[in-house]
Each structure stands twice: as C-alpha cells, then as structure tokens.
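What follows is subunit A paired twice: with subunit B in the first complex and subunit C in the second.
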Partner chain A sequence: MSAPVLAVEDLRVELATAVGGLKAVRGVSFAIARGETFALVGESGSGKSMTALALLDLLPRNARRSVGTLRLDGVEIGALPEPALRRLRGNAAAMVFQEPMTALNPVLTIGEQMTEGLLTHMPETPTVVAARRAVDLLARCGVGEPERRLLQFPHELSGGLRQRVMIATALMTGPRLLIADEPTTALDVTVQAQILDLLRELQRDLDLAILFITHDLALVRRFAARVGVMYAGRIVESGPTAAVVEAPSHPYTRRLLACAPSLAAPRGHRLGFLSGLPPRLLCTPVGCQFRARCDVAGDACATDPPLRESAGGVAYECIHPPSEIAVRGPDMRSPPPTGAEARAGAPDAEAASAAPLLRAHGITVTYRLRGGFLARATTLTAVRDASLEIPPGRVLGLVGESGSGKSTLARVVLGLETPQAGQVTIGGMALGTLDRRARARAVQPVFQDPYTSLNPRRTIGEIVRAPLDILGLHARDERAEVAAAMLERCGLPRHMLGAYPVQLSGGQRQRVAIARALVSGPRLVVCDEPTSALDVSIQSQILNLLQDLQASLGLTYLFISHNLAVVRHLAHRVAVMHRGVLVETGDAEQIFADPQHAYTRQLIAAARG
Partner chain B sequence: MSTAPVIVAQDAPPDGVWRRALRHKGFVVGAIVLLVFIVLGFGAPWLAPHDPYAQSLMRRLRPPAWAPNGSWTYPLGTDSFGRDYLSRLMHGARLALIVAFSAALLAGAIGTILGVVAGYMRGRVDRAISLLISTRLALPSLLVALAVLQVAGSGILVVVLVLGLTLWDRFAVVLRTAVLQIGRLDYVLAARASGASHARIMARELAPNILGHFLVVFSYEAGQAVLAATALSFLGLGIQPPEPTWGLMMAEGRNWLMVNPWLIAIAGFALMLLVLAMNLVGDALRDVLTPGERL
Partner chain C sequence: MIGLVGRKLAEAALVALIVSVATFLLTTWTGDLAISIGGLGASREELDRLRVTHGLDRPLLVQYLDWAGRALTGDLGRSFFSQEDVAPLILSRLPVTATLAVCSIAVGVALAFPLGIAAALRQGSWVDTLAQSIAALSQAMPSFWSGLLLILLFGVTLQALPISGADDWSSFVMPSLALGWFVFPILLRLLRAGMVETLGADYIRTARAKGLSRRRIVLRHALRNAVLPVVSLAAVQFGQLLGGSVVVESVFALPGIGQLAWHAIQRADYPVVQAIVLFVALIFVAMNLVADLINGALDPRIRRP
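After this line comes the complex of A and B, so read on.
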C-alpha cells in the first residue's frame, strides 16, 4: 500500500471555556489513502468537526491543538508555522462546509470566488487560464451554463447549485485531500443524493482522498469505504463500513445503530434506546467515557479501555471482547410503558370507518410578495388546493422538501394562518368559527427547534403551566401539579420545574415542548419536524415518547418531516407534498412499497440511495 | 420511559444576571460613578457645604482648593457671583439626573410603544410607524428643541417634554427590530397556538425578552439627554438662571475663561464623567443581559 495522503496520530484539541479546559478531541488517529473515503461519524459534541478543523489548524481562538504526527502527502505538517500552513490550506487540502447559503461571499461573483484561491496560491497563473479551469470544473460538477455562472452572484443560485460551486471551488487548486464537513446536511434528500453522486464521481476521476464528516449513519453506509465512530473526543470503533454497520462491536455503535429509524425495519417497532447524555469532558476524563450509559459496563471500565480487534478488520476501544458484548448486551429496545400495547390505537378497520378528526378541504394559501418601493407586488402560492383527512387516533405523515408548503399547511391546521380558500374542520367544528381558546383546546403544535420554541426568560414550570392559565383549565392551585405530572409523563423529573431552558439539553427542551402541547389535553397534535434538530440517539428517545403518548392518550398526529425513515416509523398514513400540491396520499405501507407518483418514487429512491 | 439526568448549567440562567454584572468591570465602575452622582445630587440639600444661591461680592472667583490662593472652605472655589461652586455642581447634578431620567423615560415610553406595535403588527402598521421614525430622524432634534423652547418658554418641564419628544427614535428602531426577530420565534407561535391574547403575548413572551434592549438604549439616551439639556442651557434656552445647571455654569464660566478656567473645566469634566458612566453601564448591560442569546 502506498503512503497515505493523510496520516494523523494522537490528535488532541482542548478548548478554553469559562468553566475550565474542555478536552474536545482526545487522541484521535487515522489515515486516508488515495482515492479513499474515510467517514468520521458521531453525534454533536463528539469532536468530529473539531478534528476536521484541527487538521489545517483552523480552530477557534480558544482552542489549543497538539498532535503526535500529522502527515499530508508524506510531509510532516504538525509543527508548521502559520505562513507555511496557509500555503497548504486550499492548495494541498481543501474544505467544503455544511451551509452553502453562508459559505459563499454574497458580494463577489462566482468567478471571483472560484479563481481567488488559485490566484493566491499560484500568482503567476494568467486570469484567463484560471477562468478556463473554473468553467471546466463547474461543468464537471454538474453546473449547467458554466460560463454564465462565473458572472453570477451567490443569491442567484439554489442551495444545491451553491454546494456544487463550493465543491468546484475546493477543487480549483487540485488538492489531494478534500475535507467535507456535513456537506449535504443542509440540502434536501433528492439534492443530497446528487451531491453524493458527484463526490463519488470526482473521487474516482481525480483519485481524491475524502474525509467525510457526518452525523448520518445512513450516508456513511452509502458513501464511505471506511468509518470511524467518534464518541466523547475519541474514535471508539473504526474499520470497513460494511463490517462496522452490519456487525457493530462497540456498545455505543450498537446502540446508535439501533436508534436510527430505517426504511427497511418493520413499521411501528420501537426504536433502540440510549439513555442519558454524553459526558462534558471537563477536567481530565479517565476510563471509558461511555460507561455511564453502557449496560455492559463494569468496574473495570473506569480504567482506559484497550484497543481490541474484532472480525472483519474492525478495531474498537472497549474492555470487553466481542463475544461478551453480544451475550451481555440485553435487548436494545426500551420496554414500552405498561398498558400501552393494549391501547395502541383502535383497530384499523374501526379507525377507518370513524369520522375523521381532522378534515382539511381545498386549502389554498397565497402570499403577496411586496416588491420594492415602486416595484410591482407578485404572488406566491405556497399551498394549492390541498385536502387531507386523519381518522382519530391515527398518525398522518406529511412528507416534502423545504419550500414544499408543508409548514404553511401546518400553520393553517393550527389556525395560525387563514387560507385564501378551503376549510379545516377538527372533530366536526370548522376551525374558522372557533375562538382562540376553543381552537387551542382542539389542536396544539410541537415545533422543530427546541432552542427557539421555549421562552428563555420563563421557568420550565411556567412554560408548561401557561396553557392552563390561558384556557382557565383546572383550579388555580392544581395547575402546577397538573403541569408537573405532564412533565413527568414526558420523562422529565419534577425538580426541573424551576429550571430555565438554557439549563436543558436539546432533547430535554423538546420534552418540555411536548408537555406544553399536551397539558391542555388537545385531540390533535401538529408535529412540525419535531426531531430534525436532534441527534440520532435523542431523536429515538423523542420518537419513542411521541409513540407512547399517542398510544396511551389516543392522540392524533399530523406529523411533518423531510425524513422518510422517521415518517415511516411513526405514520399510519402518508401524504407527499411537492411545490404546494399534495401529489400522493395513502396507506404508509403501500406508499413505501409501491409509490404511484413520480415524485414520491424519486424521494424514496433518494432516501434509499 | 427515560428519566434523563440533570445536566449542570452551562450558561447562567436569567437570575444569574446580578452575579455576572458584578464581575463586569465596566458595569462596576460605571455604576459606582453613577451612584456617587445620584447620592451627591439628590443629597445636595443636606450634603452641600453652602447655599448654592447665596451670593457674595467679597469672595468672587476664588480658585479651587488645590490651586494657589485656594481654600478648603470653598473646595472647588466660587463663581463670579461668589456662590460656592461645589454646592452649585451638586445641585446641578440633581437637575441633570432629573432631566436625564425623565426625558429618557418619556422617550422610552413613546419609542417602546411605537417599536413594539410596529414589530408585532407588521404590515401596514409597521410601514406607517417606520415612516414616522424616518420623519423623526430627518428632523435636526437640537434645532427643533431650540425653536420649541424659544416659543414655549423655558423651565424644567418644557425641557423634559422637548427632549422626550425628540429622543425616542432609537428606542423605536431598536425595539422594533428586536420584536420583529423575537416575534418570529416558535415560542411566540406556541403562545398564539395556546390561545393567548395579543396583550398576554406582549406582556409575558415579548416584554421579558426586550427588557435588556430597553435598558441598554435607556442608559445611552439618558446620557444623550444630559448632553442635550446642558447644550440648551449653555445656549441660554432651557432652564434659566439662577438655577445651578451645568450648562449655565459653563456658559457663565466662558466669560472668565482667562481669569479662572476652572469654572468651565470642572463642570465640563463632571458632565463627561456622568455621560461616560451612563454609557459604561449601557455597554455592560448589553453584555450582561444578552449573553449568547440566540437572536
């Protein structure tokens, strides 16, 4: 085997924070060969992005890096001074970032930004040659009309196109290594698939080494030959992707894989379960950092775990041999709450014959977009003639990409937006005729971002109690108790009542948001991407919670998501939305097995990969 | 069902504001200076060594105690009418603080109402109020104040009214933007979905979250009001003699610049110190009240 393009030994990063040094990366080692893709996968805070930034020393100011060896193309770069490093950045190694909307400078043309790097690193290059190369690379990255694009500004391009431009820009100097930090996370499923295809193709043609940073195990499975699973600043398991994903060795990897909903698993099963939160990594962490959440852990785990070999060339850091983990690892599904199975929704036939709880008919929402001061106003139809029904106690999954109008439809169902045409009835009552209190008792929302859905200046207790105060439910002195009981039911201990949202993790905040939605006893809950902002293990906790509550309280969900696997996991029926139109509605099993509409087929194919 | 363990607070919760403020150097220094002005100003009737209005031709234009021929009987010397300078400075501080806080409060009330209504209602209401703000910004406020005072006569009430009615623009602009941002957040949407009335949303969801913005602008505008009131007095409009305002003291000192430059220097220094303290507190409040807020 030839020398690897990138070889890293014992990389460490420490962040100075107000409460002390945080060991974000604690001794990471890996190597990437030519033409190979190595994926670093992990949840937020696992240190994967810090690792990527540390390679070219692009860390934030409060970070300190130390590294045993760091060789790029056989040259040791671990101790290079800043000017020498600058020559390497964007030259021998280039980066592609997550957010294509902010990674391009809005006041420079595409051409200026693409040639900037090349002209900096090789000032003798004639501008015409640089422009020529930019056009070639744009064409190669699947950007149509490349000559015209050079003169365009970023705002004239879509997100997918911008990410293609970003990749083309990264390739301008002919780097040997491409570091891609969540390059498809901000993109829609269908665009995501195209970008991955593009990266794969470029890699083959240019013999690129790619370091692929992601939180998405499904992407790793499709894209990377080898994978390193990061937890608490270390690679806890690494090896060929197939071996790691099909037969994980480390207890964390096993749990994580069981947590991810998949398009292949049977519908309605309970997701795997990973309790607790990752460690904080202040002070000097000793021993296996996963032991607090691990059910195979014993006293011996308090010492630093050894590196073990497992079948198929997989290495993992754990004191237990594979046989022991497999035997002692109990059932990874969390037990369903007692009594839930018995009430797990009415039988299908019965539910289907019952009058629908939610009926939306012919909903059309049009926005008037104001032009400038003297410009003419234009209109935008966000939702066109959408009709759907949900029987009581059922879950309808609404699927669509960004801008498809699914959130607008959600606001109409919540009564927060008045449609230009059409009518929504909940339990036989027209939403338009209800006053705000009656409407609030019928339907409640759970939003996507738990960081903006809770008022930062109110305690958890006040937040959950507020709907009861507004609606005048229960006696005044009982309300705090009702709120506390609902919080407990959503899996949060009582002593959190006095805490403020900043003191809670994302998953805990989402539990508060769910408790607030359910405390007034609505029959319909609109969940708008309730797990999209959460990590896989937290997502599984929230999905299991939503599933349990739905069964035990007999709730009806309108469940909106761009993630097909999540929708498939939870929904009885599925509606697919595309450019404001509901293109297909039907039984969940049937739609995933035999999609009728071309767009649905495209979505499912993109998600399967 | 899981019981997630409690995590240690990473950011201080809102009730940790005091602790953070006391660790902020700018806040501590500004607050102490401001406090000294408040105590000396409002305690002037009891703390001042002399009657600020008592004139004496025998002791005109005495220099401060540290200058040659100065004496500790009149620590900062006397003015051209023989009135004790320190006593006049202390009484002047009271007038400055009253004008500053009343004018900033009035401006704050006007600006906050306009800004919150514009940001919350959006659409046509917003456009109308934005036009009003633009119109106000196009007016030269000091000239308007001069004209009004010329017509309406002088006195502390008129000065407060004039300044209050011309200094509200920054409140309106800042709070409108803040409410536009906060009003878009999911917790406001969640409150609407819970059946909350507009009044309840403004009081319970918006108000606590814009309080920080209000206080920051308030401290800055209070400083501006002190400067404007002093300028008006200096120009002879506004509060009239023999009231011991700093502006009047400096205007008077101008005539004796060659004989006794302390007359203008000390009042000017006091003015600078007060405004600086107000701005320090304002800057510190911004740091302390909105740490890493996701806005």
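After this line comes the complex of A and C, so read on.
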C-alpha cells in the first residue's frame, strides 16, 4: 500500500477559556489512504470538529494545537508557518462544512466564491479557465444550469444545491484530501442521501481521501470503511466500520450504539441509555474519561487505559478485555417496563374501538406572504386538506421534511393557528369553541429547542408550576409540591427547583419542558421534534422518558419528527406529510414494512441508505 | 433593481407628502402667525386685516394646498424679516453647508474605517481599547468645545487657519474636523461590531479553509458584509449634516443653513423656519432613499429577494 494521504499522530488541541485551559483534543492519531473514507464519530464536545479544524490549523483564535507528526502526501506539515499552511488550505486539502446556509458568503456570487480559491493558489490561471472549470464541476456535482448558477447568490439556491456548490468549490483545485465536517447534518433525509451518493461517486472517480466528521452512527455505517469513535478528546475505539458497529468493544461505543433508535431493530424495545454527562476537560485529565458513566468501571480505570486489540482489526482504549466487557455489561436492550407492553404489541381492542381523542378534519392553512410595503402579496398553502385521528393512549408519528407543513399542523392542533378550513376536536369538543384555559388543559406542547423554549429568567420550579397558577389547578400551597413531584417523575432531582435554565444541560432542559407540559394533566401532548437538538445518548434518555410517561399516564402523543427511526421507535401509527399534504397514514409496522406512497418509499430508502 | 428603485421612490414620495403636512401643521399650530407678522403691539383690527391679506382666515386645507402648491413650484414664500424670497435664500446658503457636510462625513469615514477594522481584527487587544477610548472621548466632547479647542490651537496659537467665515478651502478645515470628529464614533462602533460579527461567521471559516489571503478575507468577505449597516447610518448622518449644524456654523461663523435657521428662529421668521424644516426633512427622505439604493446595490438579498 502506498503512503497514506494523511497521517496524524498525537494531535492535541487546547482551548483557552475563562476557567482555564480546556483539553479539547488529547492525543489523536489516525491515517487515511487514497480513495478511502475515515469517519470520526462522536457526540458534541467530543473533539471531532476540533480535530478536523486543527489539521490545517483553522482553529478559533482561543485554540492552540500541537502535533507529533502530521503528514499530508508524505510531507511533514505539522510545523509549517502560516503562509505555507495557507498554500495548502483549499489546495492539497479542502473542506466542506455543515451549514450550507451560512457557510457561503451571502453577498458574493457563486462564481466568485468558486473561483477565488483556484485564482489564489494558481494566480496564472485565466479567469475564463477558472469559470469553465467551475461550470464543469457544478455539472459534475449535479447542479443544473451551471452557467447561470455562477451569477447567482447563495440565497437563491436551496440547501441541497448550496451543499453541492460547497463540494464543487472544494474540488476546484483538485485536492487529494477532502475534510467533510457534518456535510449532511443540516439537510433533509432525501437530500442527505443524494449528497452522500455524490461524495461516494466523486471519491471513486477522483481517488479522494475523505475525512468524514459526523455524530450520526447510521451514516458512518453507510459511508465509511473505517471509523474512529471519539469521546472526551480521544479516539477510544477505531477499526473497520463493520467490526466496530456490529461488535463494539469499548463500553462507550456499545452504549452509544444501544442509544440510537434504528430502522432495523425490533420496534418498541427500550433504548439503551448513558447516564451523566461527558467530563469537562480542564486541568490534565488522567485515567479513562468514560469511567464516571461506565458500568464496568473499577478502580483500575483511574489510570490511563491501555490500547487493546480485539477481533477484526479493532483497537480500543480500555483496561478491560472484550470478554469482560461483554460479560459484565448489562442487557442494553431490556424489555419495556410493565405498563408499556400494551404500546409495543398489536393495537389493543380498547384503543381501537374508542372514539379518537384527537380528530383533525380537512385542515387547510394558507399564509399571505407580504412582499413588503407597496409590494404585491402572494399566498402559500402550508397545509392542504389534512385529516388525522389519534385514539386515546396512542402515539401518532408525523413525518416529513423541512417545509412539509408538519409544524404548522402541530400549531393548528395546539390552537396556536386558526386554519382557513377544517376543524380540530379534542375529546369530542371543537377546539375553536374552547376558551384558552380549556384548550391549555386539553393539549400541551413540547418544542424542539430546549435552549429557547424556557424563559431564562424563571427558575425551574417557577416554570413547571406556572401552568398550575394560570389554570388555577390544585390548592395554592400544594402547587409547588405537585410541580416538584412532576419534575422528579421526569428524572430531575428536587434540588434543581431553584436553578435557572442556563445552569442545565440540553437534556435536563428538555425534561423540564416535558414536566411543564404534563403538570396540568393534559390528555394530548404535541411533541414537535423534541429530540432533534440533542445528542444521541441524551435523545435516548428523553425518548425513554416520553415512552414511560406515555405508558404510565395513558397519554396521547402527536409526535413530530424528521427522523424516521425515532418515529418508528415511539409511534403506533405514522402519518407522512409532503408539501402540505398527508400522503400516507397507517399502522407503523405496516408503513415501514410496506410503504404505499412513492414519497414514503423514497423517505425510507433514503434513511436506510 | 429597477423594481426596487421604483418601489423605493414611491415610498419616498409618500413620506415626503406626510412630511409636508406635518411641517405645515407645525408652523400653523405653534403660534398665531398674524401676531408674528404684526408684532405683539398690533391692534385687533390690524391683526384681522393681516389675517385677510395673508389668507390666514381661509380653511386649513385650502391654506395647505395653496402653500404646498406654491412649494412645488419652488415658491416657499417670503421672509417676514427681510422680505427676500425664501427659496433663493436657502439655496444661497446650501454650498457652504454642503461643502462642510461632504468634508465632515469624509473625515468621519476616514477615521472610523481604519480604526474600526483594526479594533475588530484585534478584538480585546490594546488597539481595540485605544480605538474605543478615542470614540468615547470624541462622543463626550461637544462639537462647540472641540471647535473652540481647534480655534485655540490652529487659529490663535499657530495662526495657521482662519477662525471664521467661508472664504476659501482653508476655512472649512477646522469645522470639518470638528464635525467629522463628532460623527465618527457611531460609525466606528457600528463598523467594529459588524466586523466582529462577520469575522466569526461560518463563511469566513470557509474563506480561510480556501487558503485565501488575510487581506482578501478581511476586505472582500468580512468588510463587504459589515459595511451594509454602516452605509445606511452614514447616509442618514450625511442628511443630518446637509441640514446644517447650528452649533459648528455658529462657532466658525459659517454662513450656512444652520446659521440661517438659527437666525430665523430667533426672529420668529416663520416662512424661513417652515421652509428649512421642510428642506431638512426632504433631505432626510432623499438620504434614506440613497441608503436603501446603495444597500440594494451592495446586498443581493435586497436586490433579488
């Protein structure tokens, strides 16, 4: 085998923070050969993006890197000064970033942004030649009308097109290495599949080495031959993807895999979970950094773990041999707790025969888009003639891509939006006839972003108690106790009552949001992407919590998500929305096993890869 | 872009109409014009006669239409005091004020851009602290005081520049410095904040990853975005300066619009006051229009939504 395109040894990154140096990357080593994809996977804060940025020293200003050896195409570049590094950036190695909405400059044309790198690195190139190359690459990357695109601006392209432009731009100089930092995370699932296909094709044709940074294990399985799993700034396990994913060795990898809902796993099982949070890497961390959250950890884990080899060429950093981890690890796919069996099995007769709790009929929502002062108004139909029903105690999963109208429909069900046509009834009462208190008692929301959905100036106790005060439920002096009990039920200790949202992690905040929604005892809860802002291990905690609460309180959920695996995990029935229309509704098993509508088939195929 | 220009022009025309009504009502309602013309000692019969001769007994709407109609043809009435036509009076003062405005905004921009960019590039360093301190100092200095200090230094001690009048270019050096010094801190703050924000943007990281030169990243990618709000503000400030600076024109005895306004107010010379208010308001509308059009030219998201 020829020398690897990229060889990294002992890469370290330290961030200067107000409370001291934070060791974000602590000795990372890997190599990528020509035509190979190596994936770095990890949760937020694991150091994967810092690793990517550190390779060409594109780190934020408060970060310092140090590196043992760093070879690009066999040439040592670890100690190069800034001007020499600049000649490599976007030239021998190029990057593609996550947010195609913000990663392109809004005021410069696509053409200028595509050609400026090439014209910087090869200033003798005539502009027409650079433009022709840009047109060729845009066409190669599946962008229609490439000549016209050069004169367009980023806001005139869709997210998928912008990401194609980003990739085409990265290829302008003919790089050997492509560093892709979450390149598909911000995209819809069908677009994501197209972009991955494109990257695969380009890699094959151009013999590219790709460093693929992602939080999504399912994506790694489909896209990368080898993977490194990062935790707390180190690669704790690495090897061929199949071996790592099918038979994980490190306790963290095992847990992480058990946390992720999958389209292949049996439906209705309980997700594995990771308690606690990753460590803050201040001072000089010693020993295995996962030990505080690990259930096989012992005293020996306080010393730095050795690198072990396990079957199939997998290396992992843990003091325990694989046999020990396997024996001592608990069954991570434990059955659901009592009371939840009903939801896992076939639809029980009672739920099926009962009158639906939620009935939405013929909902149509049209927005007038005002073009501004003195400009012509246009209309947009967000939801067209949508009808759905949920029996009491059941979960309906509503699936769709961004802009499909699923959140608008949720707002209608919550009574936050008045539809132009159609009617919503909850428990037999028309939503339009209820006053706001009665409506708030019947249905409550849990929103996506726990960072913005909680009032930052109220304590947790006040936030959870507020619905009781507003609706006048329970005796005044009992309300604090009711709120505290609901918080405990949602897995938050009592001492957090006096804390403010800023002091809580994302997962804890979402627990608060759920407690707030449930404290007034609504029968219907609308969950709008409740786990989309959370890491996989936290998502599994929240999904398990929602599942337990649903079973024990007999709740009814309208559960909205773009993530098919999450919906499949939780929902009894599934409705698929596409461009404002409900294209297919059916039993969850049946929809995933035998989708009828072409769009549903497309969605599921894209998610499977 | 043509659609944008048309729309903005229509908007500006509508605002101008509202402004003219407000201007008219302002002077009609703030006092009895007959008393202003006849003086406090005038008899009741004399006042009645003045009301008839000046048409003040007519309905308000008729008075407005009459005034606005004549204003449209350039007839803004006559000064109660000097009996001169008001429009030529204002126009004769415009060159002085316009020269001062152009020079002042140039001084402000010339101070704000290098300092603002340097401060943003070295955020938190001594350069940043220095730039912000200068801005705070300049904002804390009233322009009459900085004007007097300039006069003391260049006019009295060094005897290098004339201290009053508008005879040649040298007369404008000190007033422009005083006014430019006054307008620059807000421009600096806005530019610095904008640069700090855009330098942290994702597309700057993209530009760095392309291996572009620092110069191109700062000027082409960051400044091009950060300058948008600064252009709007500078245009509005320029409008303000075109309306004349009462204080600086007084300190340096410049025969500009500010000085004219000051004298007219002192003498309750309503046609002149009314005309200047209308003129300043229309300049404002025009400058906002210019700012919108420049922003449209600089920002494709406005030009081609």
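In the analysis below, the second predicted complex is superposed on the first by the 594 of 609 C-alpha atoms of A that agree within 3 Å, B and C clash if a C-alpha of one lies under 4 Å from a C-alpha of the other, contacts with A are read in each partner's own complex, and residues count from 1 in each chain.
As a working rule, a residue touches a chain if its C-beta (ideal position, glycine included) is under 8 Å from a C-beta of that chain, and two chains touch if they have at least 3 such contacts.
Bear in mind the structure is a predicted one, so any value in this text is a computation, not a measurement.
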**Message:** Contact-wise, after the overlay, does A:E529 reach subunit B, subunit C, both or neither (first, second, both, neither)?
**Reply:** neither
**Prompt:** Which chain, subunit B or subunit C, is in touch with more residues of subunit A?
**Reply:** B
**Request:** Would you check which partner chain A:Q503 touches, where first means subunit B only, second means subunit C only, and both and neither mean what they say?
**Result:** first
**Request:** Give one of first, second, both or neither to describe whether A:E182 is in contact with subunit B, with subunit C, with both, or with none.
**Result:** neither
**Request:** Could you say whether A:E237 touches subunit B, subunit C, both of them, or neither, answering first, second, both or neither?
**Result:** neither
**Request:** Considering only touches as defined above, state whether A:H121 meets subunit B (first), subunit C (second), both or neither.
**Result:** second
**Request:** Based on the superposed arrangement, let me know which partner A:R87 touches: subunit B (first), subunit C (second), both, or neither?
**Result:** second
**Message:** Contact-wise, after the overlay, does A:L58 reach subunit B, subunit C, both or neither (first, second, both, neither)?
**Reply:** second
**Complete:** Shared subunit A footprint, subunit B vs subunit C, residue numbers none
**Message:** Help me check something: in the complex, which residues belonging to subunit C touch subunit A?
**Reply:** 7, 10-11, 201-203, 205-213, 216, 220-221, 224-225, 228, 298-301, 304
**Complete:** The residues of subunit B that touch subunit A in their complex are 1-15, 185-187, 189-197, 200, 204-205, 208-209, 293-294
**Prompt:** What does subunit A use to touch subunit B in their complex?
**Reply:** 19, 273, 275-277, 280, 334, 337, 414-416, 436-437, 439-441, 443-445, 447-449, 451-458, 466-467, 470-471, 489, 491-493, 495-496, 499-500, 502-505, 507-508, 511, 513, 516-517, 520, 541, 545, 548
**Request:** Can you check the complex and tell me which residues of subunit A touch subunit C?
**Result:** 56, 58, 86-91, 94-95, 97, 99, 102-109, 116-117, 120-121, 153, 155-156, 166, 169, 372-375
